[in-house]
């Protein structure tokens, strides 16, 4: 398909001039204005908008997946009673890979897209601050939405305020459990035991002194019921003999 | 006629301190020949983040030497230190508005490596995203062209229309742009029927708004006067200098990667290549304007003939939500070299991933962006034009330094 | 002794003072107060009133505040935007220009190393002289600074001085873009000045005199725009070119040569050079109204008395300028060579036709 | 609820296990620098390379798992000697590859790769300065590189690379000196995963050197710059270096006495007794190399080579091999003689 030729005749030239002037005056009289006066009126965004990340501490199994997938290296795992993520919003690019990676739905995105911080330090959001939406000062008196039909595109302003919701989706995932597929080649290094955030892997029949020396011989490593299947031991094991297995 | 000045003209000192990519004797030669060196950019209202060293005789441009790399971010090196999945947000960054096409090219390279079969529905969604980003980029370039010509209204209208594109992307993917939505094996989330209806209506709304944009800018006599017969690239020149994309089509070459090697749902939908014969600035502009309407058509067809089914391949996982890390966290490509060609908004985009088969980061990622490919043709087309045409041709090419510098 | 001088001054002033019935009681009351009465008398003294108040400096300042804001508002309206709003929101950001001026005032005015320092600083201020001088000659009814039968020629002559100062500014600020801009300004100068002067001459022929009073009095029946539409058109286009407004905003093409001659200016100096074009537009619009739109002719209101003429003149000027402001959001910028071609082919031809029409019409009238 | 068991070996001293290893092996000058401990260490604390085995501040970092002791070939060292039992002995010369002598190591590896017995093989390549660097061979074509083939008389960290290889693939071939071979055998005894090492090719070995010591010695005493060398060799008790320009320099190995690492001084295993197949130049005329086939898998490979005829076969002279084995026992007595110890002490 070729683009159509533009005629050079003075008549067409004049007609184009008339078109321009006509359009300009039309807009000057009845403008198709689409500007949103932001702080006073807030735009309605879909719920799946990728915004502020909210943590549900009770669900978090501290599997470090979010911290390891983060492309911008923005998530750090801080230790409280266990390891929980904390997002550094100086680095966060709102790709929400962490939210997608979270196996238990502890991390979930909200459609709060406009956050203001007082200082760079405040932008490193702590876990405690992540557990709920930050305090919001609403200047907006009304909500604006783009109303689009086949014929027109205009702004509709509604009086009620938009509620800044948190979109919580619990992924449908079968619970998993750490499992040793080749016990014969276990080094006995107890890395899995040390890395386990829930002390689910315990050692029996030989005790470790304060200096970390092992006394006794023939130890047994045990995966107890506490295991939540975070997979840290699987990633840690130097001989790669551990896997995650679905429990039925 | 040549006017000889007896007054000895010394090249000014600052030209030596500016680290120009040109030899010193070139500057002296310019000043001997009583030409004039004008440094446009990198911080100039009429240039992107790139310095153009313009050599003018009177008002006529003799030669233009580009100095790209001002916004070079060593994207290819950065990509070697990240997981394959972590590169997706990175490769989107060169061309912000065109993110979906860049994302698509990279992801398709990974898919060829792992030979994943992408489900049909995912293909259609990807096509919609790519075309939305194409429209957005064309509108963006049109806006830049308008402001380069001093037409502020022509600058504001496309940005206003682009707002609708961003809204559509936000509703579909959750981000206004750089939505890292396309992942190996499909897309991250299913798009429901309401959103698709909304996008379908939005295409018509965009068309209506484009009408008034056409009246006030595209068919504006001053714009036509500025762009017509300016920066002409003949068919042979365009092929010789390796111009790509709409700018190649504006010179009369019917080349489009979506036709030559169709990649997503481009075989299922009907559309035709837009070409022009003149190869001047106005033709380059009109080709992109017509491509916008073609893309709108493609989007409508995709939405009407959207098949049911999965949105991500079962080879990866049954549901991305929650399995993301397990599916992609330790992705290792088989050893080899995988190349994909994509038709980004500004032209052919090449992605090459070299994998050593062991590590979970790419051994080498090569990105050849369209901007870098047509920079030479851009420079050649400037010769012999007037100084005021520099910006007109710049806008007609829609050159985007971050994209070219990567 | 002093009292006698004051008495004589008041005598001189009030002998030739504006008669405004509306505020006459107030004036009478103020005249009783010593030392204040001389001030009132001075303000109401016709030459002073014309030059300083209306259509002189103060109104010029008000006009500047208005036009900068109005132009931005109108452009924004056409561009689906809102425009300046946050400064004094209740009046829709009307004092935006004032805020900008304040910012310019407190901004540092940098004079860079290679510039010719004295000229660089002086020229923006010098450029005001050819702007302010015509005001003394523009009459508004009885209010007139210097009454002369050659007022129109003098105004045109003074207007012709402004581009010279701009070219000098470009030279003084020793910069590549400023250099290119000054050359463009010079070319534009040649391009618009000839048709402009020919158009004015045609009107002078039509009215048979360069005296504004004669011109206005001759338009009591029909405005000059109808008597000589071609001159009207040529004058309009040359007005756009002279004040370097789009589509002829070529000397300070922002995107091409970054404000051309004014590229190096900042702070207060930039504020000065920025309003140059607007002031020039004001003067030319006054001349335009006098020549083509029947000057201060309008419905006479007894209450206002002598204030009628300046008011009508001012209103017509504002209307003309406000209508011209829309052009900025309609057109892109022409190229310098295209502009020269147009002006040297079409405009000059038109203006000569206008001259012929003017001669003929003048012979008939 | 799932549990599994691992054995914690006996401790000789009341220290962490690396402390035991240090006192028993490294400080006792028994360490043969096979880097098996460095490979197996779960915290990757043990460092090998071109210097004695060490674990910087092991007192703190060692997790005391005892893996290093399980794999160390010199822990409770019982020297092996003699030729060992073999099912077949040939002297062969590869037709495809050019190596030290017969390039039979390359031949056997290439055949194993072609037969699909192994997915990859751990080889030792070198840089210009004859520094060893470990590479992974995936297809036979990589073996045409002359840097890969040919003997290097310096330590290499093959076993760490071997561990990475077995974690990523199912069947691996390995080439190494006798001490490395016995280390691999010990690993296979302790850890099931190492049974993925299908083919172990042992090399005839008298002693091995630290690179820096060797190059320094050659530079100091012989004025030899290894940069220019194309081939190093030990033949008939002479150390021979060949150069690019064809010239060669040779001197008796005795002169290298001072830089022979202490670990080699107690090693009596010349012919890699525990390997699947041992290869070496001794016992064949020049250009040929002796191949001692010890296990079935190696036998299969050699038969394949024979049937394909990619190597010309001759009869080896095993007497020479036997002689060298006895010679090695003589020069490397275990436990070391008193006066040597004195000399070392003094």
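A, B, C and D are the chain letters, set down in written order, and residue numbers restart from 1 in every chain.
Simple rule for what comes next: a residue touches a chain if its C-beta (ideal position, glycine included) is under 8 Å from a C-beta of that chain, and two chains touch if they have at least 3 such contacts.
Just so we're clear, the structure is a prediction, and the values are computed from it rather than from any experiment.
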{"item": "Most extensive contact between chains (C-beta pair count)", "value": "A-B"}
{"item": "Remotest chain, subunit A as reference, centres from CA atoms", "value": "C"}
{"item": "Euclidean distance of C-alpha centroids - subunit B vs subunit C, Å", "value": "46"}
{"item": "CA centroid of subunit A to CA centroid of subunit C, Å", "value": "60"}
{"item": "Chain centre separation in whole Å, for subunit D relative to subunit B (CA means)", "value": "57"}
{"item": "Subunit A-subunit D separation of Cα centroids, rounded to whole Å", "value": "51"}
{"item": "Set of subunit C residues in contact with two or more other chains", "value": "78-81, 329-331"}
{"item": "Multi-chain contact residues (two or more partners), subunit B", "value": "153, 160, 216, 220"}
{"item": "Sites on subunit A at which at least two other chains make contact", "value": "20, 24, 27, 32, 34"}
{"item": "Subunit C residues within the subunit B interface of the complex", "value": "75, 78-81, 176-177, 180, 246-247, 249-250, 253-258, 328-338"}
{"item": "Sites on subunit A touched by subunit C in the complex", "value": "20-21, 24-25, 27-28, 31-35, 37"}
{"item": "Contact set on subunit A toward subunit D in their complex", "value": "179-180, 182-191, 194, 204, 206, 208, 211-214, 216-225, 238-241"}
{"item": "Parts of subunit B lying in touch with subunit A, wherever the complex brings them together", "value": "82-83, 85-90, 153, 160, 163-164, 167, 170-171, 174-175, 178-180, 188-189, 195, 198, 201-202, 204-206, 208-209, 212, 215-216, 219-221, 224, 228, 272-277, 282-283, 286-287, 290, 294, 319-326, 328-329"}
{"item": "Residue ranges of subunit D in contact with subunit A within the complex", "value": "1-10, 15-16, 40, 42-43, 59, 62-67, 167, 191-194"}
